[in-house]
């Protein structure tokens, strides 16, 4: 496996899309040295965005979390989350009524508009659901899985409403040795059980990449050829980036480790343009 | 849709296999008049068995539940449950060590042998799992889904052990208007997330039918042609019975209703030998 | 089921996306009266596009086929096909080398560029495949399924290259009573067999809709709220349109018939904004 | 990876089930030295059976093929094929009418009885199918995939009949470097396209193992604990053997190679009781 130098790679592009977890940070905090990457990007006038499967917080709150870690380059306008797509969907397609949600109350505030109220499945009374116009899976926290997933199933038997899954990931790392089950896995269980088609937002779906592309400062004057997608996960970051027509760089600081990168690329048939040790410019 | 008379149908067979829920009983208790069916079977010297996807209780406890409902014909030796297959599997293939389980303590007692101990995932210490030799999904009750499904995922990342799903059903009816999520759906979520192959017991899998077949009193002198499988669910009772080579009767007192039986048979391509209003002999 | 008047519906939008088969035409030719719809659109200054899962011909050839049927409003610039996405993908991501294909020679000509040559799997010598840089499934015709699908499987075992499926449909109607197997079904069989991830273009994938959106004359000044997607198939036209944020109209002249439209909407959970008898303005 | 000595392993069992391809033979002929294994079994009074996913020939013809290779120990009564299950199914459940088939004429002769006629899809007239009472996928040879798979799809749209897949394998090796597509993959494509449930026979399905178990000379006096399943494929031989309650031995002469056996066992969670270099007793 020939490894590419990350600095040489990004020097060829005008815009860089970064996945967050496993690329910029881990459960331990920032990837050591990643601040140099943002320094390099700024000095060389390159644009960048963080493209993340996350609906647990608003872009403002996500940006704050980077500030707390010591990086203030990642401003809210540079964050593209799957939660933003869920919000856009509701604005375009649901418009009014009550949106039931699974997640923390905090995750739901971001979805509210003057015409659209939200209610936690936890607080929902199943005997009075006539006003519920959509359901959104936002986060794995903030509710009791036994009680509230069962309520969700029964809500959907009563109401044929759009169901939005705002983060399709199945797991996320909670510590060096522990994984947590993400809301995407819970949503899949309910979807399989009810037998209906949910609306899913998140990489590798191209809608996530389109949304990021359209948020670029110089859009539409930037060609897809001038954008690099950087990620640690073949089936989301690299597959989605490739399909959207972007060049892609796999980094080995997260889900894909150096020892099995080649085997995984071969068996999945998902081929990154570059493979780099990390997203750190040194 | 031509309906067959249930009495005429069962008169042609020497042995009848009944599904339990939706055929003999519902959340409301017994199907009215079902006691006549057992009277008819006894008077006509016909053998019968209840073949059920259930691992929440032992055959003794299941039989007791029918006695409480007022039927004492269904003795423990006439009950074939998917939990019995899980127990046979452990005896044949695991033999010793500790079996971790998801379910009530009561459901696990049935699995214990002199050499095989059980421990609830709830009580398991993830830092000391070297003795855990298998994992069994028994019941959706008896544990906290948030905490204990996550523990289950992390146990499986530490230990490559056989995982047994002792009831593959995805839902069961809790009341006239409410469904509950069954342990089969929870197991499927973990299986999809970890990407490993679990060992599943329950209709429509033929192992359930061969197990029942071998429990028949006159086995092996009874031909498959002399056995009728009676059930309310196309994808479990009828598909499994057909595949095993039995004639099958669909009854309309449970999952399949009169108004959509024909559409479902046509779209699924699962064709019962007979369709009857119910399993009641009147 | 309340049916909406198609003319009233489209009067509310500035741009209309039409699916082709089952909406504008069938195996018998044009839907009777559909020419009035294009007359209405022209007279009322409304823009329209045909958005079709088809990679068997270039936009020029597709437009010609409408002229032959008697409609000259559907000019090549108004046609958005999944084949166009395949071509864009190759230009952005493959760039040079030889692209092997399954389909007619005619379907492949459209993919050729000065740097990218194509070769039919039929003519490929499996012992000299070092230059093959991608594989494209274009059409179900133009090759021998026994021989050439087997060759395809063995090509992919030798070369880990991107595989593009330029039409994800599984079937298409060949006559009133016969279906044909479409190239999407053949591709799925090879994908399942080799266990790799193919790159699929076609509704309901959002990339098809963004591609159409960006081809609109007044893009980006047209909001998604001003576009209506009209289709006959819930799982492609309506699901994809909804997810992309468009309003959607289901018409009953193709895959979805009046008698089962409601049942299908309920069981799939895919909800069109409107249901109309046909796309004919009368 | 600790390898077990095959002779020591089989010395512990009274009956051995062998997979055929990759265990006893390859595309090159017999596994060198395998005749010693049969000599050992005979000398030590151990019973054995060949349990194979194959519906292309009758047991008599399969036995002849071993004689031609130089082994005459594998008599027809020692062969258990998935084709035998298809035949039993038709006898039990279809009984009369015409069975349409995909495969060679030779493969179909085995299914015929005095009451059951067969007709190749190739020769079937789609306008007169009222007598067709079942469809069987037997072999990938003997028909034109383009024409006859399309005919199959349209037959199933006209007739809601049982569909039997008599070999669920997706591929088989045609030479050192080439795979062929097996009939199981073709059947899966049609099943996905029509959306109906087919009846599938072949390992890892337990019906294959119970069928073999019941063919044992001393059945039912032999316990499952006294039977060893020997195979080269984790997802069929080992998974199926394990689930049925047998001990299992993985050999490294076929689909699973020494260099990736451990990785595959870990990632699939399918755990053989033993791993042996080959099934050769030396």
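All chains are identified by letter, namely A, B, C and D, in their written order; residue positions are counted from 1 within each chain.
Note that a residue touches a chain if its C-beta (ideal position, glycine included) is under 8 Å from a C-beta of that chain, and two chains touch if they have at least 3 such contacts.
Note that this is a predicted model, so its numbers are computed, not measured.
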{"item": "Touching both chain B and chain C (chains)", "value": "A, D"}
{"item": "Chain located farthest away, centre of chain B as origin (C-alpha)", "value": "C"}
{"item": "Cα-centroid distance, chain B relative to chain D, in whole angstrom", "value": "28"}
{"item": "Whole-Å gap separating chain C and chain D, where each centre is the average of the chain's CA atoms", "value": "40"}
{"item": "Gap in Å, rounded to a whole number, between the CA centres of chain D and chain A", "value": "44"}
{"item": "Contacts with 2+ other chains: residues of chain A", "value": "none"}
{"item": "For the chain C and chain D complex, residues of the former touching the latter", "value": "140, 144-146, 149-150, 153-154, 157, 170-171, 177-181, 185-186, 188-189, 192-193"}
{"item": "Residue ranges of chain C in contact with chain A within the complex", "value": "88-89, 92-93, 156, 160-163, 194-199, 205-207, 210, 220, 224-225, 235, 239, 242-247, 265-271"}
